[in-house]
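After this come two complexes, each holding chain A, first together with chain B and then together with chain C.
Here is the complex of A and B:
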């Protein structure tokens, strides 16, 4: 069963996505901010990470940078963000993000993208 | 014990009888202030207890509501799809009971509406539609409509926001009176809501609005038009005869933005309007349309115009590459007003061959001020 880390500061969105991903059959761990997320990334191995960009204590881009800079790390990262600016999207992909979704987004689409990324990695 | 109390009371009565008036007044005041202080402390403690209770209760309700909505989103296929409204409502009621959510309680309904709105704007597709369905099934739309009758403008404005976001079309006519309300915030919210909700004539209110439409207000209206799902963009020249100057300015800006070329003759008329804001807005619209019509009028009126109009005319010429304008721009390169001279230089630089070459030729022979102007205009990064 794939293990997913979900990083989102909006409690309702965090809970809704957690429930949905669990229903899809994944093991889900959650982090409400960048600090907790960094600690979890340091001590655990995840099959996929979904992160918001605007989170307290560290941005989603810093999370991508940290995950992707680890030697031999192949964990895919999906960015889920309210910021659709071209420069931010490009920066995210430059740092190694594997996918980028802009809010408002379709949950079923996220579910499909998660499944696809987990298959390809 | 009894005797002690009796003698103490006796002593106090005797003291009071023999005391001089000053002492009596001081003692009375002392007693009064002590009582008031005690009462204040009691009230403060009591209100803090109530506030703390309410906060805890609201946090608890919010948590339950969030869990409930998360379940609705996670299990949307099972709950909403291929089911009748009645059976959906039964399932929803069962989940509400499971989460101990008292749906008839007004605070709970308010929190549920608030949370539902927040998550609804972050989601799209089926989930957003299902959340909207949930909103209607729990009759939260009726709460918002009821709030429109409240006296408090903020409550009305919030209700309009709810109705607009959840697309409660039946409420559109209820918003119409507020589109011309004296309160600017309520008026703006109502106008934005009206544009979002009216599927045929979303800009009807422009015909009779006589209150002002501030720059911020215009920006919000524009954002609403740009994001409007029904995609109606009317011919804004329809309202150019309005008696409200704010409506005219707004329509002129929209004509420019949506390049409504059939309004050019109206723009030419408004170029010479006595009001400077309208005049500048008309010239700005012509600039957006990148039309050479209006060039002759602009050249004629320039010398007698005020600085704002002069600036608008020169800005207009940055988009027009007409040979007839070039001598005028060269002359204004030496205008005493720094900004006007700079705009003239920028306009000249937009003539790819001759204009730029003229500026480059001029550069070595100029004084410090002109050097700065030309260097700035020639810098394509700016």
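Here is the complex of A and C:
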């Protein structure tokens, strides 16, 4: 069973995504901000990380950078961004992000993307 | 000459409308958002909007008007405009439009419709909350739905308090950021009229700030929240 870390400060989005991913059969851990996320990343191994770009204490870009700069890294990262943050999304791709979705999005679509990424890694 | 605001249609269709209604001053807006913003500086005699186009769609704009605390907005005559074959009449009237006009435009038919529109007086009660998306993501899980609604109500109340506080302190940038956050929550639950209300506040807090306008917008969102919360709490019991 794949283990996913979900980083999102919007409580509604966090609850909805957690609900759906658990329903899809994944083990899900959540972090409401960058600080908690960094601690979890330091002490756990995840099969996939989904992170919002605008989160308190550390940005989604810092999360991508940390995950992708680790030696032997194979963890894919999906970025969630708001409209108008296209340049930040580009920056995230430069740092190694694997996919992104712009909010508001259809949760079914995220579910498909998660499945696809977990299969290809 | 009476002024009519028009949004949500192609500029070419607007030009056709102008050609058949030379006796009115028609003003074109690219988006429902731009039209909504203008309403705080100028009240037209009526609005003509496409009920489905854009995001949030025209239906959200109509609901936004109908839930207004400002009488001139709440009772604003609104015509829904669309292609006849789109068959949106029932939908448009349900969300609060007074009547529907269809393309292709016919002067003989359109003129009496506009005259009728300008006589229209509305105090229609419409429903702001829309649980379609929540139903979809919950997959019928009632507990999850209740939890989501409770979370929405809690965070929206918090956001509104913070907005009010920033307004009192005249902290415009911070207020804009909170409006952005509030907008996401409304958008997430598909409550387009409230998403529109929060977007107007967000936009007004950046650039050239008009505190009086922001005050009116804040009052509007506070008023609409009261209506929305009452609806949602009733549904969630």
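Details
Assume the second predicted complex is superposed on the first by the 117 of 121 C-alpha atoms of A that agree within 3 Å, B and C clash if a C-alpha of one lies under 4 Å from a C-alpha of the other, contacts with A are read in each partner's own complex, and residues count from 1 in each chain.
In this section, a residue touches a chain if its C-beta (ideal position, glycine included) is under 8 Å from a C-beta of that chain, and two chains touch if they have at least 3 such contacts.
This one's a predicted model, so the numbers in the text were calculated from it and none came from an experiment.
Which of chain B and chain C touches more residues of chain A is settled by the count: it is B.
Of the two partner chains placed by superposition, chain B and chain C are both touched by A:19. Legend: residue contacts after superposition of the two complexes on their common chain; A:109 is shown touching chain B, with no touch to chain C. Shared interface residues of chain A (contacting chain B in one complex, chain C in the other): 10-13, 15-16, 19-20, 23, 82, 103-104, 107.
Within the complex formed with chain B, the chain A residues making contact are 10-13, 15-16, 18-20, 22-23, 82, 103-109.
Taken in their complex, chain A has these residues touching chain C: 10-13, 15-16, 19-20, 23, 82, 103-104, 107.
Of all residues in chain B, only 66-67, 69-71, 73-75, 115, 118-119, 121-128 touch chain A in the complex they form.
Put simply, chain C touches chain A in their complex at residues 137-139, 141, 144, 147-148, 151-152, 155, 180-181, 184-185, 187-189.
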